[in-house]
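Chain nomenclature is as follows: A, B, C and D, assigned in order of appearance, with residue numbering initiated at 1 for each chain independently.
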């Protein structure tokens, strides 16, 4: 039986190739995680196990997809960045998004028992949705990353104060909310310090800064590189030689994928890690 | 710290709402499943456990997303159909695709140990990619479904013969391939029967027809309904009353989601299940 | 000098093929026509010469693009409909829109002196913008056409009353606006009749109904055809034989393109002209 | 009569906003201009009147749309460039393309009699199609412009030699084509010089280089500006103050729009006209 009679339906598939020479960010978000967090008794305002699980899943995604240059996670969301020269899956949006979402979910479910050994998963299971966005310039990409990290800070300061008022101050949620209404960052710092002797600056970095995941090479001297210029040097879709490309792949495979909690708003982070912008693997650090 | 300075990056998100009043099919495919099947020793030409796992995951997806009216699976792929009036997630393509892919993956990994109790999963984990396609008319949708089922038939007949030649006939893969080159369906049936006394018609339906997943209501008399007309009666994006809508939801929630192995090419399947085209829940069958 | 170094820039062109098997409407609108109408002293509320010029340009567009099955114009806008089976320019949106807009503009400027012999055009010249929209079902298309004709009616009744109040009633624009605020159709009819002895029903059809442009074949008996069914019979992208296709083209070329002012909301218009839905040319009417 | 029943059809309009912070090129092409050129007896290989008409229309487009920073034309095509910060029509692709195509066509038809006073236009009239393409980086845009100018050179050298072989050498088109098959630029130069004493370098610049249209301000010293850096300084969608924006508009309105035939591949052209990349109007040159 030939299938030709029905094959015309393939014509309805519409291409969704993302614009070349733009940075592609795939952001995924937990679906209904407020309810999910309640079901599994996540600690408030932050559950270290849940964040470690997110980070473990993100690390696994990066290991399976070497085209991802950097990822940033906070709460139940994670942003994965493909370099602007990336041609994985011909830059098809659905393919990039669905692959990341699926791989992330697989590891999240698989590693669950490692981080929550006492509370086995049961339906409805955790799931994530995602979307891809293109950023034409380094500045736009950096601003995207900054946007997420500022958001992390704003939310964490709020949540830390909110839950202190409840857990330590004995307030109800409505009272806590009312107390915080219209307050500035300074006010919240003051509440934490004066009422609960909490110095927000001493809170764990993972809560204040979120998590950055990237391949680790030897840092370069600050001032010796300029991230934006590194990126502009690969402005065109340049074809690498096959050998060069294979060498790059090997070095990438050797590099350790690390999870750090650093400031990614200032230039320093990017200038010391020029490979993030240039997409050229750096030097593998010597074993200590 | 206000976040307004960076928030402009949200402008780069581009809308991806699918055309209203069209049937949306989200098809997902296993990534690298040839290798994956080898790693976990899937039986050839069909592994019943692997198919049952796919079906269990598809059933769970349908249970979590009542907007899906029917799904069809074969091998490592599954197609999920949203009714043309569906407005879930405002019909955003990324959201629909990523939610289905993620939910499916979660259940696939979660249920793995049920179907493969002796071979625990290890990285790299199974994952799926997906895409959404719009079909404007009932005929187009039906042709899409037929296309997949014909494909199932063609591939299964080929694979059944191919593996019979190897497993029962002692041929190598290259010889088996050569033997089958240029043969028609009748030839393959003949090889199976004359050489191996296999009557292809007696092969399990799940292998020959694939798997159809849908909500089960009382069948209607053949001839009393016309599926295409049912669908055309809801041609416009009609707003239901809230009560009607809630009633429909309750009946959908009560309906059993079944996995069957039926012919979905002929009209009979559709005419006896008018709810698939009309999106109006049918009668819940009485408990036996 | 080879051009290969720069040719990569072609990769940035993104496909914009419209979904197959959907009706394509290209609507064009005059840019800044309020100002333009003032500059050339268009009569209020309707300028017959300006409408005739619009219609002449629309007729010319249809003559140059036989793939257009029907067009509807009102004021400074025109909607051109491509049959859902149309594959002109591979259904590329930019190509369809720009070709129609350009051809329309060319004829508008070229025919200007025929309709406005005493007021030659001078920069800034008249221009139009346009966009393409896909409608999946006959009902959606019919509703689109109805939407435009209802809009024509609403606007014309308002404008006729508004300008009567000014031109015949001696009111200023602000007073006229205030008088009409919150009035219903019946109120406006009443104002026209009681104050100015104008029976709105006797106003010219071109103002009340707008203009429909189509190829003229012999009308069929009302009741003998059903437009929607005609269309559904060509639901799939069916390939015609070459001879059939050439025959159709010849008959289309022979057909007279007419401009009428008819009700296109009721079924009658469509049922008597089944070729509009079926895309099969009808019988050429005998010369009288 | 309220129009609400039909207004739902507006939901079918799909947004087509072009990615922010990218250079938008709208290229238009004459439709069927080979036939059109024959009909009106265009001279071969180049018709000065036809090119001057194209340039006059392009100048008029730029005068009506101050958001266009530069345009480049050759033969029957023209590319119009919007600065990457441009927000005209909310960057809607259809609107940008159709407006340019319509305005260009209007002037082409209107000015026709100025350039072809003895051959009045008759149907079918000249028309153009168009499309919009986004270029993320200055390098990509520059490469696009270079691509068009290299194409101009390649085609003009070929056509000049081809028509010399026919008009001066007495060859038929097929013979001329055969003679040129497989030849390089140097070969064509040699044919022109040795057979027809034509030094290609002395051919008119408008034929060899095409036409560049831009607003003319005082040139800056070569070396004092770097075009790419100018552009990167406006990398983000920066909001100008209203006053600044109005000032810019006034200076743009005062600037003369010139048509030149210059090399736009080398840096010099861009470095001396920094306003093209920065979108900041330069100094209006003093009247001589």
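We adopt the following convention: contacts are C-beta pairs under 8 Å (C-beta built on N, C-alpha and C of every residue); 3 or more make two chains touch, one makes a residue touch a chain.
Protein names from UniProt, one per chain: A, B, C, D = tRNA(His) guanylyltransferase.
As the structure is a prediction and not an experimental result, all values here were calculated from the model.
Taken over every residue number at the interface, the positions common to subunit B and subunit D amount to over half, indicating a same-residue contact. Remark: among chain pairs A-D and A-C, A-D carries the greater number of C-beta contacts. Taking each chain's centre as the average of its CA atoms, subunit C and subunit D sit 32 Å apart. In whole angstrom, the spacing between the mean C-alpha positions of subunit A and subunit C is 50. Per-chain CA centroids place subunit A at a distance of 43 Å from subunit D. For subunit D, residues touching at least two other chains, in rising order: 8, 12, 14, 19-21, 134, 140, 143, 236. Chain contact summary for the complex, subunit B toward subunit A: residues 1, 3, 5-10, 12-14, 16, 28, 31, 60, 63-64, 92-95, 97-99, 101-110, 121, 123-135, 140, 143-144, 146-147, 150-151, 153-154, 185. Of all the residues in subunit D, the ones that touch subunit B in their complex are 8, 11-12, 14-15, 17, 19-21, 236-237. Listing the residues of subunit B that touch subunit C in their complex gives 19-22, 84, 134, 136-140, 143, 228, 232, 235-236.
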